[in-house]
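Two complexes, one shared chain (subunit A), two partners (subunit B, subunit C).
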Partner chain A sequence: MRAYWELAKSSFRRHSTYRTAAVAGAFTNSVFGLIRASLLLSAITTAGGAIGGYSAMEAATYVWLGQALLAPLGLFGTAELANRVKSGDIAVDLSRSVNLTASYWAQDLGRAAFDVLPRGLPPLIVGALVTGLSMPGSPEPYLLGFVSILAAVSLNFLGFFAINLLSFWVLEIRGFWMLYMVVMNLLSGFLVPVTWFPGWLLEFARATPFPSMLQTPVDILAGRTVGGESLAMVGIQLLWLAVLLIVVQMMVRFGSRRLVVQGG
Partner chain B sequence: MPIIEVEELSREFQVMEPAGRFRRRKKTVHAVRGIDFSVEPGEAVGYIGANGAGKSTTIKMLTGVLVPSSGRVSVCGFNPVPQRKALARKIGVVFGQRSQLWWDLPLQDSYPILGAMHRMPEADWKPRFQELAEQMDLGEFLTTPVRQLSLGQRMRGEVAAALLHRPDLIILDEPTIGLDMISKEKLRQFLDAERRENGTTLLLTTHDMSDIQRLCQRVLVVDDGAIAYDGPLTGLADVAGAVRTMVVDLTAPVHSADLLSLPDGAVHQGIEAEGIRHSVSFDPSKLSAATVLAAISSTAEVADLSLHEPDIEHLVRELYGSARR
Partner chain C sequence: MANSRAIRSGAGRDPHAPVTNLVLLKLLISARLRSQLAYRGSFLSDVAGQILLGLTEFVELYAIVHNVSSFGGMTFAQTLLVFGLASVAFALGDLLLGETDSMSETIRSGKLEVLLVRPLPVLLQLATSDFQLRRVGRLIFALAALAAALLFADITWDPAKLLLALITPLAGAAIFCALFLGAGAMQFWILDGRQFANAFTYGGRYVASMPGAALFFPIQVFFTFVIPATLVAYAPSLVILGLDGPAGIPAWTGWLGLPAAVVLSGLMLLLWRAAIKKYTGAGG
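Our next item is the complex of A and B:
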């Protein structure tokens, strides 16, 4: 366990060395938040004050929470593993006395821990100043929200890790990556809340792990789901975590047997 | 009990090659074909061969990174692929062209992580790290991020990383590639001392003959995926007729080879630059460079000189050529 703790810490430190990148990222997240919020707000005004149970303020809160969680949750993923397979540096990873998945997972948690403040806070501040936020007043949503964020970070990590692991079989994963990004962006509720989907798409989305990757923590933090419903949502997240973990472990197991390490 | 045991080990790769305009055909490449060898604890073995001979493929199979196509491997009593993690605590690996350090962290930050990975308590890895840092002279750049280290500095850091957990076996894949003479020599001295003091078994691949001469008593020559020679280094030189070449530039031209006095066993190879540059080859096991130089200096004044080691490609070619004949 100590190795994974050290890896998480080191990853936190690694990311904390790129402060300019964090500032630039937070700025971008905030600007895109303004664009997304103004689009949604004008749609809601046109619709007559509310869409799918979201008032103007609630819709803005959904946008700003999404923009704040974007970086910590790792919604854009990283192709580090696939790149290391390509360069052959995967040989170094496999020569270490740690579990491959767990070592990358620990590092991603360290990255997320760093991203929370510098990437998460600015969009929320901009949101509070520009549109105002509708946040719950009691502590429970925040406590459960924290658990939900942890689960969502892990789910996003495992999703992208699975795509990365395809590089054990194919030389180029770009096509799979694009497909995953498009599907995940839509079904995770990043573009619009999943409850705005037509019935058939909503049902389809709920049969996938994607809403657990963003919609669930946003709903819990905004207080849209409360009490037993929130707990059930976190339960679903943990269920998907178990499923993805099994998938990824199987992929590592079979993939590393047929992995050809590139280069001398 | 041998620390490395390899029996009938083979590895083949499937590669696609174009067949016609659109079709591709599968082709099987035999990177390693049925090699056998074993290494005893405490031995220092050089594993040499030309590029593409199968060295790195063998090393990847020894460390459990690559699954053999057939044959048996045992390293430190482990079956490398299924017991990869357990094996990693017993061996140290240095891939000369790759890094096991954390690229964007100060050098010293890599070692606590490695210590934890090897499940060493701080009271154990820390003194060991300090010892290695001192012996390898890491002090002045411990706080420098790994990405800013020079190649020589990084290699010292890599070797210290591979030795932190006092492995029984250290495998080095071209550890001196790209290093300057001083860095190479430092590294060799350190590896040699480490082996003498702790009985660490050493297996290294290299293209540098002096690495082998300095560090290894035994060499394995691999050519086209098969072992072409397994024995002492001196034997290899005998088989292949390894000679060093000394090139001297004289202050005044000497136009005939006969006018230059040479010790017995040294052979004049040629004259260049209108009598200024002469090259002389000699067997380093019989003659020292100093003897050759002294003899030349007795008849002509030497302005400059350079020594050329026999290169491994040449040795292997000679050796394998003679084995085929």
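Our next item is the complex of A and C:
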């Protein structure tokens, strides 16, 4: 356990050295937030009230929380593992005395811990100034929201890790990566809340783990879902976490038997 | 077979004539295309991914529009015209200069030095180094969306509108090329600032494909008169559809696409030159 804690800490430190990147990311996420918020608010004004259960203020809050959590939740992923398979460095990883999945997981949690403040706070401040935010006054949504964020970070990590692991079987994962990104961006509710979708797409989205990766923590933090409903949503997240964990472990197990590292 | 074609296209010229950039451009691009088509399975899956990307961008718009009778003062078919024009322009710009988006990688890995020592303009090499035919998938979807829009949006054509409809995708492509170029040049100064540039390139694409009237007023002004994203598709669409624009994007801006493309391209080329001059090496 100690090893994973150290890995998470060193990953936190590693990301804390790229300060310009953090500032640039915060800037861009704020600009996108302005565009996204104005589009949703314009539609809600035309509709006269609310769309998909979101009033103007709630939709704006949804956008800003989404933009703030985008980086910490790891919605862009990294292709580090796939690159290490390509270069052969994966042999080093596999011969270490730590679990492959757990070591990458710990590092991703360290990254997320760093990203929260420098990349998350600026969009929220911009949002509070431009449109205002409707945040809950009681502590429960924040406590449960924290658990939900942890689950969502882990889900996003496992999703991208599974795509990376495909490199044990195929030479180039770019096509799969692209496919995953496109589908995940849409169905996670990152672009538009999933309840805005036409019925058939909403049902499809709810049958996938993607809403658990962004929409769930955002809705819980904003206080849109409360009490039993929030707990049920976190339950769904944990269920998907178990499913993805099993998938990833199976992939590691069978993939590493297939893997051939060239050279010495 | 493929090889003999490459040799023939080289041998067809007078061997003593100087090799022009145009000949090289043709050679380089045809070589890239052949190499990409060599792995058919991977190529087809990439094209499919690009089409799907276009499709989700459309669903993103549809998810908003199907909830309201009009979005930013436009019907669904009219928003589709904006979306189609913007997508065609972006697909073309991305195909040509999308590679400069990852300039910091090129600099950091020392790849830029390889490009600099060759007797060819760096920009030409960048444009051909990753001439990704798979990006054509995005263009295919964009053209389909545009065709559907032209079919369903009630447009009364006249010669001026027809001319505008023809120059708009090209001017838009030039605007996106210029934005990509600026994004690439910027990364010479701010090596970790790739995401910063994304606010203008991908943010520009996002703004360009949506009805501009739905944006906050300051965003309208910024993305029209500073970063000319609404001039790519929305402003010309206003003229083509005979609509009035919002306060920040009056309908007369519909004809500003081409002049804006020329000015912006000029400025960004100057910036690019300054960036290449400024470059001092990565120790390669």
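Keep this in mind: the second predicted complex is superposed on the first by the 261 of 264 C-alpha atoms of A that agree within 3 Å, B and C clash if a C-alpha of one lies under 4 Å from a C-alpha of the other, contacts with A are read in each partner's own complex, and residues count from 1 in each chain.
FYI, a contact is a pair of C-beta atoms (placed from the backbone, for glycine too) under 8 Å apart; a residue touches a chain by one contact, two chains touch by 3 or more.
For clarity, every value in this text was computed on a predicted model and none was experimentally measured.
Three-chain overlay on subunit A, with subunit B and subunit C fitting side by side and no clash. Within the superposed three-chain model, A:172 lies in touch with subunit C and out of touch with subunit B [touch as defined at top]. By the touch criterion defined above, A:192 lies against subunit C but remains apart from subunit B after alignment on the C-alpha atoms of chain A.
In the superposed model, A:55 lies in contact with neither subunit B nor subunit C. Annotation: apex subunit A, arms to subunit B and subunit C, angle 90° (C-alpha centres, rounded to a multiple of 10). In the superposed model, more residues of subunit A are touched by C than by the other of subunit B and subunit C. Of all Cα pairs linking subunit B with subunit C in the superposition, the shortest spans 8 Å.
Taken together, the two complexes place no residue of subunit A in contact with both subunit B and subunit C.
Taken together, the subunit A residues at the contact with subunit B in this complex read 2-3, 5-7, 10, 13-14, 17, 88-92, 94-99, 257-261, 263-264. Remark: subunit C residues 42, 45-46, 48-50, 52-53, 56, 59-60, 62-72, 190-196, 198-199, 203, 206-207, 210, 213-216, 219 touch subunit A in the complex.
On the side of subunit B, the complex with subunit A involves touching residues 13, 51, 55-56, 60, 63-67, 81, 84-86, 88-89, 93, 95, 97-100, 102, 104-105, 109, 112-113, 116-119, 145, 173-174. Residues 18, 20-21, 23-25, 27-28, 31-32, 34-35, 37-40, 42-43, 46-47, 51-52, 130, 172, 174-175, 178-179, 182-183, 185-186, 191-192, 196-198, 201 of subunit A touch subunit C in their complex.
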